[in-house]
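Note that chain A is present in both complexes that follow, paired respectively with chain B and with chain C.
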Partner chain A sequence: MNVYKFDEPGLAAWINKLLETVPVYCPAAKGEKCGTHPGWKKMTEVMLPGTGGPAGSSVKTFYFPQPEVLSTCSLKKNDDDGLLLKEPAPAAEKQVVFGVRPCDGRSVELNNLPYAEEKLFQQNRERTVLVGFSCSEPASTCFCQATGGSPYGTEGLDILISRQDDDFLVEILTDRGAEMAGEGLTPAPAAEITALEKLRAEATGSNENCDRLKNKDMAALYDAAFWNPLSESCLNCGVCTFLCPTCYCFDIQDEALHGKTRRIRYWDSCMFPLYTLHTTGHNPRGRKVQRVRNRFMHKLKNFPDRFGPLSCVGCGRCVVECPVNIDIREVVTDLLAVE
Partner chain B sequence: MISYLPYPVRIDDITVETEDGNLKTFKLVLENEAERQAWNHVPGQFAMLSLAGQGEIPIGIASSPTEEGHLLFTVNRAGKVTTALHQMKVGDRMGVRGPLGNGFPVADKLKGRNIVIIAGGFAFTTLRATLLYMLANRDNYGKITVIYGARTPGMLLYRDELAQWAARDDVDLHVTIDREAEGWDGLVGFVPTIAGEVGPSPENAAALICGPPIMIKFTMPPLEKIGWTDDQVYLSLENRMKCGVGLCGHCNVGPFFVCKDGPVLTRAEASRLPVEF
Partner chain C sequence: MATINEKISEEIRAQARKLLEAKEVEAFLGYCQGSLPMTARPFVARTPEDTDKLVWNSFCVLNLANYLPALLKSLEPPRGPRDPAPEGPLPRAAILATGCWSRNIVIQIQENQVDRDRVVICGIASRGMVAQAKVKELFAGREILKVVEEDHKLLVSGKGFSEEINRWSVIRNNCLTCIHPDPVMFDVRIGEEGGQRKSDNRFADVEEIENKSAAQRRQWFEEEFASCIRCYACRNACPLCYCPTCFVDDAKPQWVGKSVDQVDTSIFHILRAYHCAGRCTDCGSCESVCPMGINMRILTKKLTSDVLNLYGSEAGLALDSPLPLTTFKQEDPQDFIITEQPADKGGE
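After this line comes the complex of A and B, so read on.
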């Protein structure tokens, strides 16, 4: 795919052109009022991301919007098609998400592994164009390389923009990206493309942690002694799961109002006791340690065993926001120490 | 592509199964001819019963694929959706999403083997489907032994069919109740005790056991005593679930998704999983 070069005014002009044709979302400041996508606001004027790690909220809100309507119908028996659930027309209009870090881009690719055959996820993927921004100065809580990612990684992104001194290299990575890029752009010099590729190769992390975890026995990891002390401080607040770009669990609820109903899905969290509660009152993961262990085992062992990579991109949001400082990097270390 | 849209169905018949009225069997007919023709399931699979405005519940399919034209679901009234379902009438519209899960391996691993079906309480539903399937393909299986127990005679499911099976000479049927009851001249005793007394041979055999966890736990020792091993015992797990296709996360038992990888697995496979079911 093509690589273009912009100076700052040129990039601003290109973004302004985008703003005229398609809704563009960009990271909102902490506490800033947002619309349907918490943490992401409609871009009204050109804003380039600064340094540091990813935005406060992950891009999963664009792939699993809340609420997402699965089906609707009239609840009146005598209506035509009463009680006959039907799917709404798919949302098809394009949307651009601007300022996405490579970790978030990669999360979409990882979520695509289980969701490859899911209609709603694929529809959302088709309509969403991710414009990434390389992460030249990661935050102290960033660890994408330890999960196999790269601050210059392209996985899951449609366009990646990398700062180069005062200029920007714009890599068009997919057909979706090419459609947004338009025409008449200035190709980047070959030497600069080579330099960027070299930088990427040097910065790409390793899958060593993942491979070592896959080689360990599931039961031994499950029975490790550290889960108890680790989980003691957990409040089961669920913030880790809601912020995590690769936590994709959901709940389905029927919402009935004024003779109509809609079946919707929302994000759910395996940190909550209700998540597994049976109608009988029996709860297979009624204890906190079971829930904490389940989340980490899913991300670091069970998902890799089934799909290959870790279900973690090293964005560090859970590390930053956990009120009791549970740190997934330490959990990886603890798991790797299990014989 | 995976979608969450149920097939529309009409309730064709409702049977109150048990004396406490808490278990009803719903006979459902898919509304669209094409979907009725295309429907196919394996005994042991389940489906989501969908009530618009109430929600969905995962329920084992009680009918055999050899019973054409309709589906049966025997439902215990327990929570929000099952309570709403119990209030529905013949002719009402609802939905079915499925079939889901793997089912019993009736077409491969169980073929040619002696089959022992052990059920307790209202966990008999998918085993009824399996038994009917096996009777319709009788030559594919060896000796079929059924051990089924409930608390009282009035709590037994499918009583008319039990009488029919008892009259057949190609099924070895043992129906038991927990305590002596007036008018009952059959077996009395818990399922594990009766299983020990029947003592089915493990040779070229497979056991399909569904029931309360406590029943399964106590049924194993008498079987193990006469040589049964965990890899010839099939169980069916249950967990809270939403999507039914291995995505929403709720039903996982370690790496195993009950909805997609199960619900059926051998006891040997289950013993390698965390006890989170």
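After this line comes the complex of A and C, so read on.
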């Protein structure tokens, strides 16, 4: 795909043109008031992200918006849709998410593994254009390379912008990206493209942790002694799961009001006791330690065993925001130490 | 020279070691060092060796009383739901407690969640805890890699910068208006006695919102809670929230919708706050743990102010103080009672 070069005013003009044509979202500051996508705001003026580190909230809100209506129905028999489940018209309006870091881009690819045949996720994927910004200086809590990612990674992104001194190299990665990019742009010189590719190759992380975990015995990891002290401080809140770009669990409910019903999907968290509560009243993960263990085992063992990569992109949000400082990097180390 | 908090940490370690070695307690609930700057990790020391990890600093923002009922339960010998309680005294635990934390322990004892005889309260006069968010805001756009704490200042550094800031300038809002920094009940005192603290008008932030028009208040409320992701960190960090099943988690019947729909989110926050009426000590855990920077604490603070004005009572100041919402007094305000004959139509 094509690579273009912009100076800062040129990039600003290009973004301004985008703002006129489609809704563009960008990261909001903590505490800043947002609309339907917490942590992201409608972009009204050009704001370029800093040198590294992810936005406060992940891009999953654009792929798993909540509440997401699965079907509607009227409870009045005589209505046209009386007692019939009707699917809403597919969401098709294009949206651009600007300032996405490579870790979040990669998360969309990873979520696509279990959601490959899921209609709504695919619809949202089709209509969402991710404009990434590479990280020249990742934050101290970033560990994308340890999960197989890269601060210059392109996976899942449609466009990736990389700072190059005072200029910007803009890589168009997909057809969706090409459509947004428009025409008449200045191609980047071949030498600069080669330099960027070299930088990317050098910065790409390894799958060593993932491979080593895959080779571990599931039962040994499950029985490891550290789960008890680790889970003791856990509050069992949903901060880690809801901020995590690769936590994709949901729950479904029917809501009824004034004779109309809707079936909605919304985020659920394996940290909540209700998540595994059976109709019988039995809860197979009724204790905190079981829930904490499950969350990490899913990301670091079960998902890799089933799909290949770790279900973690190393964005570090859970590390930063956990109210009791449970640090997944330490959990990886602890798991790797299990014989 | 050692700072105040270093001295306190040293005392905590010595005290914890003493209690565990003498087998007076089976667990000591405190804090250990976190993995990031400005973090401390709640930690249970169970052996004398564990106590070396205990620390005390200005970043111990989570109220440790939150863990107390579950910790005591975990120390009991396992038994089935219908088995009789074991004979003889049950194992005890020690806990660190500042002013507000100790008040929460008082409430837990009053509400029969904690047995006074099973707790050794190690009281520490709070010097106010630092709001991580305030520090980060001061250094917006720059990553903080190290924060060294001195008695009255913080040395904040990162790549290419190293600055000194005044500690009091970044103290949490709830600590700024706190008038009870000293523990109200303790078995062992750690550090020095805390002085009296005064606040000109500790409910100024509540009044600011009360003085708005109804429409403005509604707008404030909707905007403040719009970014809530329903992670329930505020609820789970709260030592008052010990119900086995919270009303938002109840499925049969379901009291409130589950999604981030604005109505559902509002119901959650309003009901959460009301469940804390007359019980909240304004410890600030809820506000400190919110990943979205929402100030839900203002709701419970409004109720604290209401309970104070209506019933003249503040939560958890003494074991024998009445619980305002379960105590009836003849002189309680009764404006809410609807009389058969409205007063202006010839009533008494």
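Please note the rule applied: the second predicted complex is superposed on the first by the 338 of 339 C-alpha atoms of A that agree within 3 Å, B and C clash if a C-alpha of one lies under 4 Å from a C-alpha of the other, contacts with A are read in each partner's own complex, and residues count from 1 in each chain.
By our rule, a residue touches a chain if its C-beta (ideal position, glycine included) is under 8 Å from a C-beta of that chain, and two chains touch if they have at least 3 such contacts.
Source: prediction; values computed, not measured.
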| item | value |
| --- | --- |
| Fit or clash between chain C and chain B when superposed on chain A | fit |
| First (chain B), second (chain C), both or neither touched by A:K94 | neither |
| Touched partner set for A:T141, first chain B, second chain C, both or neither | second |
| Which of chain B and chain C A:Q253 touches, first, second, both or neither | both |
| Chain B, chain C and vertex chain A (Cα centres) - angle in steps of 10° | 90 |
| Partner chain in contact with A:L277 - chain B first, chain C second, else both or neither | both |
| Chain B versus chain C as contact partner of A:K216, first or second or both or neither | neither |
| Touching partner for A:G31 - first (chain B), second (chain C), both, neither | second |
| Partner chain(s) touched by A:Q290 [first = chain B, second = chain C, both, neither] | first |
| Which of chain B and chain C A:G238 touches, first, second, both or neither | second |
| Distance of closest approach, chain C and chain B, by C-alpha atoms in Å | 6 |
| Chain A residues contacted in one complex by chain B, in the other by chain C | 251, 253, 277 |
| Residue numbers on chain A that touch chain B, as the complex places them | 70-71, 73, 75, 77, 82-87, 114-115, 117-120, 122, 218-219, 222, 248-254, 256, 261, 263, 268, 270, 275-280, 284-285, 290, 294, 297-298, 301-302, 305-306 |
| Contact footprint of chain A on chain C as seen in their complex | 34-36, 39-44, 62, 66-67, 133, 136, 140-141, 143, 145, 159, 223-224, 226-233, 235-237, 245, 249, 251, 257-261, 288-289, 291-294 |
| Sites on chain A touched by chain C in the complex | 28-35, 38-39, 50, 53, 56-57, 66-67, 137, 139-141, 229, 232-233, 235-239, 241-243, 251, 253, 255, 264, 266-267, 269, 272-274, 277, 319-321, 323-325, 327, 329-330 |
| Of all residues in chain B, those that touch chain A in their complex | 1-6, 8, 50-56, 78-79, 82, 92-95, 238-240, 242-243, 246-250, 252-255, 272, 274-277 |
